[in-house]
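This is the structure I want to talk about, given as structure tokens.
Naming follows writing order (A, B, C, D and E), and every chain is counted from residue 1.
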Amino acid sequence: MKKFDILTPIGILVGISTLLFAVFTNAGMGSVVFFIQLASFLIVFGGIAAALLINFSSQEMKALPRVTREVFRYEEHDLNQLIDTFVNLSTKARREGLLALEAGLDEVEDPFIKKGVLLAVDGIEPDIIKDIMMAEVVAMEERHKKGRLLFEKAGEYAPAWGMVGTLIGLVLMLQELEDPATLGPNMALALITTLYGTILANLIFLPISSKLEQKTDDEVFVKQIVVEGVIGVQSGQNPKILEEKLSAFVRENGKDEELEETEELANEA
Amino acid sequence: MKKFDILTPIGILVGISTLLFAVFTNAGMGSVVFFIQLASFLIVFGGIAAALLINFSSQEMKALPRVTREVFRYEEHDLNQLIDTFVNLSTKARREGLLALEAGLDEVEDPFIKKGVLLAVDGIEPDIIKDIMMAEVVAMEERHKKGRLLFEKAGEYAPAWGMVGTLIGLVLMLQELEDPATLGPNMALALITTLYGTILANLIFLPISSKLEQKTDDEVFVKQIVVEGVIGVQSGQNPKILEEKLSAFVRENGKDEELEETEELANEA
Amino acid sequence: MKKFDILTPIGILVGISTLLFAVFTNAGMGSVVFFIQLASFLIVFGGIAAALLINFSSQEMKALPRVTREVFRYEEHDLNQLIDTFVNLSTKARREGLLALEAGLDEVEDPFIKKGVLLAVDGIEPDIIKDIMMAEVVAMEERHKKGRLLFEKAGEYAPAWGMVGTLIGLVLMLQELEDPATLGPNMALALITTLYGTILANLIFLPISSKLEQKTDDEVFVKQIVVEGVIGVQSGQNPKILEEKLSAFVRENGKDEELEETEELANEA
Amino acid sequence: MKKFDILTPIGILVGISTLLFAVFTNAGMGSVVFFIQLASFLIVFGGIAAALLINFSSQEMKALPRVTREVFRYEEHDLNQLIDTFVNLSTKARREGLLALEAGLDEVEDPFIKKGVLLAVDGIEPDIIKDIMMAEVVAMEERHKKGRLLFEKAGEYAPAWGMVGTLIGLVLMLQELEDPATLGPNMALALITTLYGTILANLIFLPISSKLEQKTDDEVFVKQIVVEGVIGVQSGQNPKILEEKLSAFVRENGKDEELEETEELANEA
Amino acid sequence: MKKFDILTPIGILVGISTLLFAVFTNAGMGSVVFFIQLASFLIVFGGIAAALLINFSSQEMKALPRVTREVFRYEEHDLNQLIDTFVNLSTKARREGLLALEAGLDEVEDPFIKKGVLLAVDGIEPDIIKDIMMAEVVAMEERHKKGRLLFEKAGEYAPAWGMVGTLIGLVLMLQELEDPATLGPNMALALITTLYGTILANLIFLPISSKLEQKTDDEVFVKQIVVEGVIGVQSGQNPKILEEKLSAFVRENGKDEELEETEELANEA
């Protein structure tokens, strides 16, 4: 089950607070208004939108709301429970036969595990099961990569379009140098699109793209353990060896490392 | 069958509108004329053309119109229908023998599927069929990569040649600082080639190159399913298992995800 | 056993001294104060923190203190002793049987070697032992990569947020060009966030990220030797051949190279 | 047989014309002389030469004239004729035996095909033939990569050394700000090395490096077809299947695509 | 045997001459002194040193003198002689048996060949010999990569620290704009650290890092031929086939290419 990922909105809030703080300490709260330039915003956003429209197909664009929502959710993977599940399945399969697994499948929530076990119960060969399950993992990876690419590309186009806005502003400013007094404010205005492009890329698009990449890595990792588990159950592997094998993937070192640290502290004390 | 990809012209339109809007909000519609500098345009385009002429062979250059047209077309892949096709072929092959497949091939539109099934009917071994079909996929990938490279390289050279134009303008301007009044307009003129280079790269060349890359990925993906399907049919695999195997590639999770979302909304309500 | 890595604090000290020296030689020690701008510091740090909060999950963020401490520690790997360990284990296994190894395991400190030997004693097949041990190595590599990514991404966001701070300062400065006298100091102030971003990236984040990468490489390298050693012991390989095999990994060339150099010097003399 | 590649000199000509045009439209033909600064040229070239001398060994430097000439030549590969050759060889081998192939080898021009067929005639096993031929392909690829690297690295160092020249000019200019009238011309002069570095990289070095890379890809592609062909002939594969296999590599889709286009036009009309 | 690589010092000399020439043509020899700023030098070097100290472990830092010396040496590999050696060894082994090889090993200088042949004489299986020898090759590659990384990272940090020095100079200059007359010289001074950073990266660190990479590639290439040779000798392969196999790696095409060129010239004449 997916939970609300509070870190994403917190990060955005911290970023906006930092920006407000930066303006405030420089020039007081009154100057904040100057930084909210609808036109600059439209230029940067219009440019990014134009580039993305050319870059992606309509089918890929449709994934945007789904991918965006994904950014605010995370899934906790209880790897120890996952291993327990497979140890239990393995024990049951060795005692009562593979067919007996079908009965207890209702307790298993994860549809990917269910599918794998059903394939095993159907008596399909391990190699084909592995092929089928890994094909699904690879297809998921590809799908996620496409979704992530929307943000990654936006992060690449954002600074460029910020610069386009600034260049346009500079050209107009330089072209009509009638009143030196307007030079400063005009240039300030021109720089705001660069500011927008940089912030959009480094606060929103690139961090989100990177987060999505890591979430996919995590999910692939968990699914690979599931595949190993299903194959182990299917081939009637000894539950103890299966547990050993699956545990190798899991970060049990965590405990060791903490113990080690405690010892060290003890030694230093 | 390929359809017209409306997103590409829409993206270009949105981009141009954004640029017009940027000039308009800064300095009124009258200033738009100033940004249309034929000379600047010729400099940036001449430079890109020169670099591409050195970069590519005449055979590769000839692919440009074909690749350009590809940017405005897209192909919808009905993966579920594709799987149905192979389930039907597989059922027929198991019932009536591989030779019976030849008769029904007229209904199959895709030449790649046709070719694969004909190879299977000819009694060629699965490994060789896979070799032949994958060789065609790899050759297609290479060919597409070459076509895409035209735009990718143009996207790399565009900002550099924009900068070359600006540097030439700056050098000339600095060399003859007689009249300070001309300083601004001259520098504005110089900056326009940088503006052109940046826009060409980030509105046209790079998004197009990226789009072509993803279209190739999609096509390779579909063709890999076809290869798996043909091998399955040829080796007399159980139609149900074949369906399972091919479905693993397909995004049926889509439905699950939507269901999940609906449930969530229900829970939240 | 891990030791304190004195080089990390020395490097930071050298970096800070260099910065102080740079200010001092330019403008005397009095100017140092000007470079300590809490607000600039908060802007750069706030921005990096915001980006990291969005970029990472809470579980990944929690690894920060552990990874940070890792930067100040290093582990010396005595590869020759490691090889000796396996030669001894191999000799014992051939003389007294695999089961005899369990008795002497208390002398072995490394938990990874222990685990491997215990798997061998349990009579598990070499292929499965290799799978289990390599799964642990790969999982460790992934875990370290995630930890390292915290610093790598910080190193990417730092210059960008330094630039954001400078842009904000510039915009405010240009917007209110009332008093030309304040132009210089205001711009100096604006540049300090860029300075902070550059220093943070190139003195702290990027070097640390690179160091962590190399430490992981070293650890993976050692663990691969252990896996080869355990498999050799398990399969009853001749201790001499096993020694030859494991020694191939080790930099014994070091000695040869030094010898070669001495000879050269002798020849030159 | 290699032919003269007219595109390379055309590209260089187009590039130089573009540059002349840029100067001309800005300031008339008289200003062109100002852009020909021998000293700037020597600085950029000296710097690139220095970096390349350190970067490469004397053996690698010696390849420069040969690689340079390669840039002005191209080889047309008639893939259909290549396939015909192998179909003929295969038919002959099945009818008259492998030994009969030696007699007709005089007609084959390509030394790589000759070598492969001779290995087959000598009765060497397919696996070893493949090893030998692929070793030659890989060695060729490595050799070409080394030659290409000369241009790739020159393209990396060129802008950096252009900037070095500009920095030196700026420092000298700023250091002696006696006469404001010389400020402009001096800065113009300083910028010319940056201009040279950018042009050298983006008109000459990078496009050439990229062209060489693609030529190598083409050659490797053709040689892989040859290897497949020789193995097919040697193992007595059915000529029809061999043709099918080799044709899969070839872009016969070209015809299909053109047909498809014609149909579309017909439909639109 | 390694020889002195004259190109490295020549390259450095050419680089320094170019820099002197650049200053000289701009402002006469008297200005050279201005470019030798010990403080700027210390800032850039101190910053790079600080970053490297954090980046590397003490063991890796110790490799610096050895790696530096490697930059001034090169090894000529006579590949034809190498192949002769293996053809002789192979002929001898087939005539007199593998054991007879031990006697003639004194003539073989290369310790890697010696080791391989001794393993073959010991009757160890080809697969294990290959494992052992390739392990040594991979370990060497890793070791060289670590050494090269010292220069690669220095080349990455150098421009950044040059920029840090310039930023500090700019901030100090802008902060105290009392005397406009000092503006120029102060900014000139500030730019010199950027100049140093750029030169260090593009004349010294990056070219050296790239040279080391290619030397490693060469060495790996030669060692792979040795491994193939030893396996061929051990498995009693026909000396003629072995020669054919090893020759495939070697650039004998060189001769063909030259011949081809001569013919062309003849045709053109």
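We take it that a contact is a pair of C-beta atoms (placed from the backbone, for glycine too) under 8 Å apart; a residue touches a chain by one contact, two chains touch by 3 or more.
Predicted model, so just to flag it, every value in this text is computed and none were measured.
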Interchain contact steps from chain A to chain E (minimum; 1 if touching): 2
Set of chains whose contacts include both chain E and chain C: none
Size of the rotation, in steps of 5 degrees, that lays the CA trace of chain B over chain C: 145
Interface composition of copies chain A and chain C: same or different, split at half: different
Chain centre separation in whole Å, for chain D relative to chain A (CA means): 39
Distance from the mean Cα position of chain B to that of chain A, given in whole angstrom: 24
Ring topology as an ordered chain list, initiated at chain A and continued via chain C: A, C, E, D, B
Chain B partner contacts - residues on chain D that touch it in the complex: 5-8, 10-15, 17-19, 21-23, 25-27, 31, 34-35, 71, 74, 181, 183-185, 187-188, 191-192, 194-195, 198-199, 201-204, 206-208, 210-211, 214-215, 217, 221, 241, 244-245, 248-251, 253, 256-257, 261
Residue numbers on chain E that touch chain C, as the complex places them: 39, 42-43, 46-47, 49-58, 60-61, 66, 69, 111, 119, 124, 128, 131-133, 135-136, 139-140, 142-143, 146, 149, 153, 156-157, 160-161, 163-165, 167-177, 189
